[in-house]
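Each of the next two complexes has chain A plus one other chain: chain B in the first, chain C in the second.
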Partner chain A sequence: MKCRVCRGPAVIDLPRHNANFCPEHFFQLCRRQVERAIKDFTMLEPGDRVLVAVSGGKDSLALWDLLVELGYEADGLYIGLGIGEYSDESLGYCQRFADERSLSLKVISLRSDLGYDIPTAAAATRRVPCSACGLTKRHLFDSAALEGGYSVVATGHNLDDEAAVLFGNTLRWDIEYLARQLPVLPARPGFPKKVKPLVRLTERETAAWCILRNIDYIVEECPMAAGNRHLGYKAALNAIEDQSPGTKASFYLNFIERMSPILANGDLAEREGLGSCTRCGSPTPSEVCAFCVLVEKSTRHEPVPVEFIARRAGSGGRR
Partner chain B sequence: MRVLLRNPRREVEMKGPTPVSALLARLDLNRESHLVIANGVLVPGDAVLNDADVVEIRPVISGG
Partner chain C sequence: MKCRVCRGPAVIDLPRHNANFCPEHFFQLCRRQVERAIKDFTMLEPGDRVLVAVSGGKDSLALWDLLVELGYEADGLYIGLGIGEYSDESLGYCQRFADERSLSLKVISLRSDLGYDIPTAAAATRRVPCSACGLTKRHLFDSAALEGGYSVVATGHNLDDEAAVLFGNTLRWDIEYLARQLPVLPARPGFPKKVKPLVRLTERETAAWCILRNIDYIVEECPMAAGNRHLGYKAALNAIEDQSPGTKASFYLNFIERMSPILANGDLAEREGLGSCTRCGSPTPSEVCAFCVLVEKSTRHEPVPVEFIARRAGSGGRR
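On to the complex of A and B.
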C-alpha cells in the first residue's frame, strides 16, 4: 500500500477515507481533523487556557499532544479513581507523558483527597461503576477548571465514543440525553465550557497517533468497564462500519448537523431550571447535587475491593 | 509467528506468510477495532507477515 499523498510506503489503511497514509501524512490528516472540529464548533479561541482531562489512555494523551502541537496552552488533570493497579499504572503513563514534555499535570486522588474510590462508590450508591465514575469525573473536572481559572475543559471523547452514545440514546429515544450530546457545551454559571476536539477521529486513529508518536498509554481495559453496554454498542457499529466504511462518521456528524438544532430548545429550558447545591454550590435541579449525595454515601461505606465490583459489572451508565 | 493478543493478554502461534487482513479474519477480529504492529512497527492491511515476525494485535476500543 502506498500513501495517498506522497506515494511513499503506507503504515495505515483508513477505509472510511478510502486511502492509506505514511506517518507524516497521517499526522497531517489527524491535525486537520482536530483543527476542523475546533473551528467548525468554535471550541477554542486564541488565549484560551485549556484543562485536558487525562486518564492515561490513548485518547486523552493523543488529545493533549495534539492541542500542544497546535499551539494551545494546555495543562492536564488526572483523577486517581482508586481502581487498584489499573489506576496506579494509568497515573504512571500520564506522569511520564507530562514529564517528557515539561507539561503541567495536576493529580486528584479520590481515596486520599475525598475519602472514597470508584468501587466503593458503585457499591454505596448502587450505581454501575461507569456511572459513579462519570459523575465523579464530570464534577471534579468542572470544579478544578473553575477554581484554576481555566476557560475550557477538553476531553478525549472520539468519534466511536460519540457514535456509541448516540446509538444507545437513539435505541431508547432518550430525548433529554440526545439534546445534550454536543461536541461543545458552552460555559454557564457553575459550568466551564467543555469541548471534545477528537470527535472527527476514530479510536483506531487516536491509537495509531499514539503508536506512531511513541506515546505510551495504558492498553488494558478498565476492569470496571468490562462487558458494559457502551462496548456492545461500539462492537455493533464497527460490524456495520466494516461492511460500510464511513457509517459512524455520517451517523454522528449528520446528527450534529441536522438533529441537534431541532433538539436544542428543549435542553435550554431544562438547564435554565437549575438551582444551586446547598453543599457545594454546583448547579443542580435538587437541593443537594448528585455528586454530594455520592460523596456522602461513599465516605460512610467500608472500602470495597476492585475485584468485588469488577465481577458484578455488566452494564454501563449513560452519558 | 508469535502473535500477542490483549484484553485478555495471551499469545498464539500462527502460520505465515499471511497478509495482515487475512490474519485478522482468521482470528475473527474486526479491522476497525484493531491495529497490527509487526516487529514494533505499525503495518497496514496488505502487509505480509512471516513466521519469524513478532506480531501484536492491539485492540483500540475502550469502554469508558
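On to the complex of A and C.
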C-alpha cells in the first residue's frame, strides 16, 4: 500500500478519495480539507479569536490541534457535564492536551458552577439526556464566547455527525431544522458566530489524525448516548458508504450547496421577532429562555446518578 | 394474535399501525389506504378509464385487483421486455389474472412489435438495464394510454419503492428529480395523467394482499435489477424502519406534504419549452426523443442474451 502523493509506505486508505496516504500526506490532506471548509464557507478570517468547544474526544482535540497548526488564535472551553467517570476522564484528556502545548483551557463545571448535572437535568426536565446536554452546551459556549471577547465558537462536528443529523432531519422532512443545518451560523445579536471546520473530514479521519499525531483522547462514547437514533442513522449511512464510497460526503455537501439556499428564506423570517430572556438576557421567543427554565428545574431537583438515566436514553438525533 | 377490529384470529401484524389484522379487516385497511391516496392526491375521478401497467408481480396485480374492487374501469397493459424466461413467465401470471376475472389485458412484445429487447437496448445504448427499461415503459404506457383513450395510467409503485427512490434522490440532493417525485403527474400535452395509488401500502402489504386474495404472482425479482443501488436504499430504510416503525411512511408522506410544495415552482418552469419529437411526436427537449434514439440504436444492434447483461447490471435508482 503506497502513498498516492510520494509513493512511500501508506498508513491509511481512504476509499472516498480512492487513495492511500503516508502520515505526512494524510496530514496535508486533512489540513487542506479544513482550510477548504474554512474558505468555502467563510468560517474564519485572520485576527479572529476562536473559542474551541472541547470534550476530550478525537474530533474536538483534532480541531483544536488543526486550528492552532493553521495559525489561528484558539483557546479551549471544556464543560464538565457531571456524567460520572466519563466526565472526570474526559477533562483529563483536555487538560493534558492543553498543558503539553501551553494552550489556554477554560473549564466550567455544571455541578460546582451551576448546581446541576446532565443526568439530573434530564430527569428534572423530562428531556432525553442528549437534548438537555445540547441545550446546556449551546448556551454556555455562546455566553462564554460573548463574555470572553471571542469572535467565533468552533465545534468538532465531523462529516459523519452532520450527515447523520441531516439524515434524521430528512427522514422527518423537518423543514425548520433542515433550514438551520449549516456549517456556519453568522453572529446575531446575543449569539456569537458558530463554525464547524471539520465538516469535510470523517470520524475515521479525525481518529487517524489524533493517533498519528500522538494525541491521546477519550475513546468511549458518552454512556448516555448509547442506543440513540443518531447512531442508527450513522449505521445506515455507513452501510451505503461501504457500497458507494463518497455517498456520505456528497449527501452532506450537495445539501449545503443545492438545498440550503432554497430553504434559507423561511428560516431568516422565523428568526426575527426574538426578545430577550428576562433572567439571562439571551435571545428567546419566550419570556424566560429554555436554558434558564432547565437550570431552575435542575437545580431544585435532587441529584440523579448517571446509571439511573443512561439505561433509558433515547433519541437525540436533532440539533 | 387478535385482529384489532373484530378480535378474531389475526393473520398479519403491521408494526407501523401497531396492530394485527384478520384477513377481512386487513383487506379493509388496504382498500382504505388506496382510497385515501386516491382522494388525498386527486388521482382518479368517477368515469375515469384507467390503464394499469402490469408486470405479473405482486404490486401491479394487487393494484389492478384493488382498482376493479373499488369500482374503477381498469384495463391492463403488459409489456414483454424480452428478459428471457422471466418475461415469458411474468406474462403468464398477468394473462391468468385477467382471464379468471374476464378483464381486458393488452400485450406489447418489444421483440415482436418493436424489434428489440431490454438486454439489447442496454448494450446498444450503454445504459444500465433499469434505465433502458424505464425509458421504454414510460414511452409505451404513455402512448398506449393516449391512443386507447384512457384518461389515466396507474402504476403499482408502493411505499417501499417510492421511499427508496426518494432516498436515492435525497442522497444526491438531485433537485430536479426531487421536484418531479409526486404520486400524481397531471396530464400535459402529449402525456396522460399518471398515478401511483399504492403509495400508502408497503411491499409486505401488497404481497399479503395477493396471498390472502389467492392472486398468483411472479415472486422472483427481475434478474437484471440484481445488485442495483435501489435495493441497497431499501435495505438501509428497512433497518431504520425495524428500529422505528413508521419512519418509511413519514419519510415519504412528509416529503410530499412539506417539501414538494417548496420545490414545485422550479420544476414547472423547467417543463415548458418542450417541442415535439420529429419521429414520434412525443414531447421532448431535443429534435428526436430519447425513446426514438433508443429504438434506433437497439433495433440496429444484434440481439444480446440476458445473461450477458444481468451480471454487470448497476444503478437504476433514479426515476
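Criterion: the second predicted complex is superposed on the first by the 318 of 319 C-alpha atoms of A that agree within 3 Å, B and C clash if a C-alpha of one lies under 4 Å from a C-alpha of the other, contacts with A are read in each partner's own complex, and residues count from 1 in each chain.
One rule holds in what follows: a residue touches a chain if its C-beta (ideal position, glycine included) is under 8 Å from a C-beta of that chain, and two chains touch if they have at least 3 such contacts.
Please read these numbers as outputs of a predicted model, since none were measured by experiment.
> Does the superposition put A:L263 against chain B (first), chain C (second), both, or neither?
second
> Comparing chain C with chain B, which touches more residues belonging to chain A?
B
> With both complexes superposed on chain A, which partner does A:S250 reach: first (chain B), second (chain C), both or neither?
A:S250 contacts chain C only, not chain B.
> What is the contact status of A:Y78 with respect to chain B (first) and chain C (second): first, second, both, or neither?
A:Y78 sits against neither chain B nor chain C.
> Taking the superposition on A as described, I'd like to know which of chain B and chain C A:Y150 touches: first, second, both or neither.
neither
> Of the two partner chains, chain B (first) and chain C (second), which one does A:F141 touch, if any: first, second, both, or neither?
A:F141: touches no partner chain.
> Let me test your reading of the model: by the given contact rule, A:A235 touches which partner, first (chain B), second (chain C), both or neither?
After superposition on chain A, A:A235 lies in contact with both partners, chain B and chain C.
> A:M1 contacts which: chain B (first), chain C (second), both, neither?
Touch partner of A:M1: chain B, not chain C.
> Is A:V219 contacted by the first partner chain B, the second partner chain C, both or neither?
Touch status of A:V219: first partner only.
> Now for A:N20: first (chain B), second (chain C), both, or neither, which partner does it touch?
Only chain B; A:N20 stays clear of chain C.
> What is the shared patch of chain A, the residues that chain B and chain C both contact?
Residues common to the chain A contacts of chain C and of chain B are 235, 239, listed in rising order.
> Mind pulling up the chain C residues that touch chain A in the complex?
170-173, 175, 229, 232-233, 235-237, 239-240, 243-244, 247, 250-251, 254-255, 257-259, 262-263
> Please name which positions on chain B make contact with chain A in the complex.
6-7, 9, 30-35, 37, 41-47, 58-64
> Taking the touch rule as given, give the residues of chain A at its contact with chain B in the complex, in rising order.
Chain A residues touching chain B: 1, 10-13, 15, 20, 55, 57-59, 130, 133, 160-161, 202-204, 206-208, 211-212, 219-222, 225-226, 228, 230-231, 234-235, 238-239, 241-242, 316.
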